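Two complexes, one shared chain (chain A), two partners (chain B, chain C).
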Partner chain A sequence: MSRATVARAAIVLAVWAALATFPQWSQFWESSRFAAGIIRQILIFAIFASSLNLLVGYAGLPSLGHAAFFGGGAYAAAIAAQRLGTDQLLVSLGAGVAGAALLALVVGFLAVRALGIFFLMLTLALAQMVFAIAFQATDLTGGSNGFSGVHRPMLFGIDLSAANDLYLLVCVTFLLVTVLLWRVTTSSYGRVLVGVRENERRMRALGYDTRTLKLSAFVLAGAIAGIAGALSAYEFRFVSPNDVALGTSVTGFVMVLIGGAGTLLGPVLGAAVVLLIERVLPSQLPAQTILGIVFILFVVFARQGIVGAVRRVARA
Partner chain B sequence: MIEIGALRRDFGGIKALAGVDLRVPAGERRAVIGPNGAGKTTLFNVLTGELGATGGTMRLGGTDLGRLSTWKRARLGLARMYQRNELFDPLSVRDNVLLASSSLGGAYRPLRSPSSAEVAQAAEVLATVGLAERAEVPARALSHGERRQLELALALARRPRVLLLDEPTAGMSPAETERITQLVAGLDRSLTLLIVEHDMDVVFRLADRITVLHEGRAIAEGTPDEIRGDRQVHDVYLGKEVHA
Partner chain C sequence: MTFEDALQQALNGLSFGALLFILAAGLSLIFGMMDVVNLAHGAFYMLGAYVALSVTRATGSFWVALVVAPLALAVLGLIVEPLLLRRLRGRHLDQVLITIGLSLVIADFIRLRDDWGWGATVRSLPVPPGLDHSIQVAGSDYPIYRLFVIGFSAALALLLYALHRRTRLGALVRAGVGDAQMLSALGVDTDRLFTFTFAVGAGLAGLAGVIAAPVFGLQPGMDVDALIYSLIVVVVGGLGSLSGAVAGSAVVGPADTFGKVLVPQFALALIFAIMALVLLFRPTGLLGRVRLGR
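Moving on, here comes the complex of A and B:
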């Protein structure tokens, strides 16, 4: 490992440790609990956006149906916990990941046959089908009423239902996912995905089965979105068709683009910006309009997102 | 090594390949020449599987290529240097070559960096094509000549048995042409080469034998000397070069 990598890892760990202990050191601040809740949600959506970024930013696959795996994971975790009558984290989280991965395998199998805009439309259409199922399978998902009463999980006999324990669970999961994505994107496999993004034709001529490669990235990204979905189910104790809807897919996409596609930090910053606008701005202000304007500004003036803009300033 | 029989490829009513027969033994360096539109690049595209054949047979080292996909043919040892550079622009020169060489080690190594053997092999290939000093530079920052050298490095990094060179000197200065010609001339003699090239000096220097394509058919085949003396070849192709 180079010195720069070690320094960067040290900074990330220090920031993470400060974040993970936020409820403790901020406890005398009157808004501490509210802020901790926002941070939890930011981190959950950061995991979701980071998983989408693996497709959009690294493999060059613009998926507009990624919420199917977020919501799919949330439903799978909630349903598994209810049907199996267990609060065990490993069971419900495992079900969330497996359910999302399986769904991504089916959707991806069809979608990776198309390229560019057709890939985008196909992911959108298939995700809408998942939405329709979530909406109509009332017995399983609660339909339009949503699935309420999700239990907060237990891990090896430790009850994580207190807000601070859930906070730590989200922080630890976020760190693990980030380390995983860092390792994946800097590995041989990560470079291969970038190769597919840059020149798929050449990759085939070099002996790569690019279709299966894209499917593998799609399933991996789906599984990670499933983790975020399961965490969201614990957080809100509720899963609704909204979680698999187009709006959530678009939100993820906006987070990736605002933060900076193809960078690890970008989607995390993007998730923070979007959720701060949506949840923290005074309610008199039109949050969605502001978000739209911010998004347009980034598309017009900073295509590479926050990370790209900062890099450009640092270089100048 | 390459056995092509009655290979056809139609585009609507146009017969780009109208029944090409071509046999290239292992280790031979064969040039394919002919006027524009003779079907040379189509022949390469059909050989690599980027275009489907309308009819005919293709075998590589005895294996029927039939309907094998491009990536499977590449794994059989077929590599191609493209006429238009097909590089990975944002990646460094070294990473470009690593992408080529690491397909041998498998695409699915999500938690591992390239092995030191792969890095060493990439360095060796870069030294072969004369880009050792440029390993850290992103591909997009290379000059045209260097891009062609990297293009050749990508094709070589897979240790192919058969290498298709599609106009290796296209758009190059005389000095760059000389450099790439020397590089190709110095390649391992066990490698089978199929070269499409318009520069006749390069063709006559590199080729053991020459096949002349005209209107989708092989109209002549022979040693460089035989082809030079062939009247029909002069009429359809070489004559034009001399007058031009």
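Moving on, here comes the complex of A and C:
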């Protein structure tokens, strides 16, 4: 590891440690609990956006159906916990990841055949099918009423139902996912994905099976989105068809683009910006309109997102 | 299912297909010319329906709304294309992303306009007088408005076909679809042509919104439904050509209608399955020229 990498890792760990202990050191602030809730949600959506970023930013696959795996993971975790009658974290989280990965395998099998904008159309349409299933399979998912009464999990003997324990769970998972994505994107596999993004035909000529590569990235991203979905089910104790809907896919895409696609930090910043606009701005303001306009401005004027803009300023 | 039921459902399927044609024609036209999949197409459709609602309330006439709402959407297209899309010419994916942002803004705008009688509750637009009764078709009552939709859509298809094939403007559009760069080199102002195309596409979405409103009503989420259906139609039929939109809507409309009657649980799965099959075995769509993938 180069010295710069070590320095960066040290900064990330320091920031993470400060964040992970936020409920403790901010406990005398009157809004501490509210702020901790917002941070939890930001980190959950940061995991979701980061997984989408693996597709959008690294593999060059603009998926507009990623909510299928977020919501699919949330439903799988909630349903598994209910049906198996267990509160064990590893069971429901595992079910969430496996369910989302399986779904991603099916959707991806069809979608990776299409290129560019068509990939976007197909992922959108196929995810809408998942939404329709979630909406119609009332026995399993609760249909339009959603799935309520999700239990907060236990890790072996430790009860994670208190807000602070859930907070720590989200923080630790976020760190693990970030490390995983860092390893993946800097590995030779990650480089090959970027190669597929830049010039798929050349990568094929070099002997890479690009369709399988894209499918593998799609499944990995789906599985990670499933982690985010399961965490969201614990957080809200509720899963709704909205978690699978186009709106959630769009939110993820907006997070990636605003923060900066193709960077590890970007989606995290994007998730923070979007959730601050949605949850913290006064409710009289039209949050979706503001998001839409901010998104359009970023696409037109700062396509590389916040991270790209900061880099450009730093270089100038 | 008796013969009468089957006939009734066939007419339902045909009228739904007719509506899908109006919707998909606009999406396909814009794509054919600009290589942009307009993801605000569903939002344009929704806005067309709500504008029609307001115009009908103000003037008391559905027919005025049928003219005004598409024109209003066309004007919106005339503003949006030069303002947003032109800056990103050549960056197709970014243009698509812009239309996502646009659809967020439009849907939120409609949701917040309670004071205009829009808002987040379900609204309905009455079937226009004269078309609000039923006639006898093969021994059972059938709402005449749905027959009107079929006739209207067929007439529109013929009109579009004639414009496309027989006029100078149509020739320009065909040339632009073929090779916009060459057309530009030949001295045609392609910027204006693109703006015009986008406006017509937006107008068609608005038109579909007006026509659909008396049947399906107006509610939040109708934009997403319309977008999904029009995407499926163009994937099945083939993007970028009028005949593709006809073929796609002729397959998807009846398939969806019969699916909902015969296998209510799997109706949506049915049309998605059709889309998946087309994609696997005929990646250009039934009548398309553009390959969607490899």
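Throughout what follows, the second predicted complex is superposed on the first by the 316 of 316 C-alpha atoms of A that agree within 3 Å, B and C clash if a C-alpha of one lies under 4 Å from a C-alpha of the other, contacts with A are read in each partner's own complex, and residues count from 1 in each chain.
Here, a residue touches a chain if its C-beta (ideal position, glycine included) is under 8 Å from a C-beta of that chain, and two chains touch if they have at least 3 such contacts.
Note that the coordinates shown come from a computational prediction; the quantities given were computed from them, not determined experimentally.
After superposition on the shared chain, chain A has more residues touched by C, the comparison being chain B against chain C. With both structures placed on the common chain, the touch criterion links A:205 to chain B but leaves chain C unconnected.
Of the two partner chains placed by the overlay, only chain C lies in contact with A:257; chain B stays clear of it. Of the two partner chains, chain B is the only one touched by A:194; chain C is not.
Once the two complexes are overlaid on the shared chain, A:163 sits clear of chain B and of chain C alike. Once the two complexes are overlaid on the shared chain, A:300 sits against chain C while remaining clear of chain B. In the superposed model, A:310 makes contact with neither chain B nor chain C.
Applying the stated contact rule after C-alpha superposition, one finds that A:35 touches neither chain B nor chain C.
On chain A, the surface touched by chain B in one complex and the surface touched by chain C in the other have no residue in common. Those residues of chain A that touch chain B in the shared complex are 183-184, 186-192, 194-195, 198-199, 201-210, 213, 216, 220. Within the complex, the chain A residues that touch chain C are 62, 64, 110, 113-122, 124-126, 128-129, 132-133, 136, 211, 245-246, 250, 253-254, 257, 286-289, 291-293, 295-296, 299-300, 303.
Chain B contributes residues 48, 50, 69-71, 74-75, 79-80, 82, 86-91, 95, 98-100, 102-105, 107-114, 154, 158 to its touches with chain A in the complex. Here chain C touches chain A in the complex through residues 35-37, 39, 84, 87-88, 92-94, 96-98, 100-105, 107-109, 111-112, 224, 227-228, 231-232, 235, 265, 268-269, 272, 275-276, 279-280, 283, 292-294, going by the rule given at the top.
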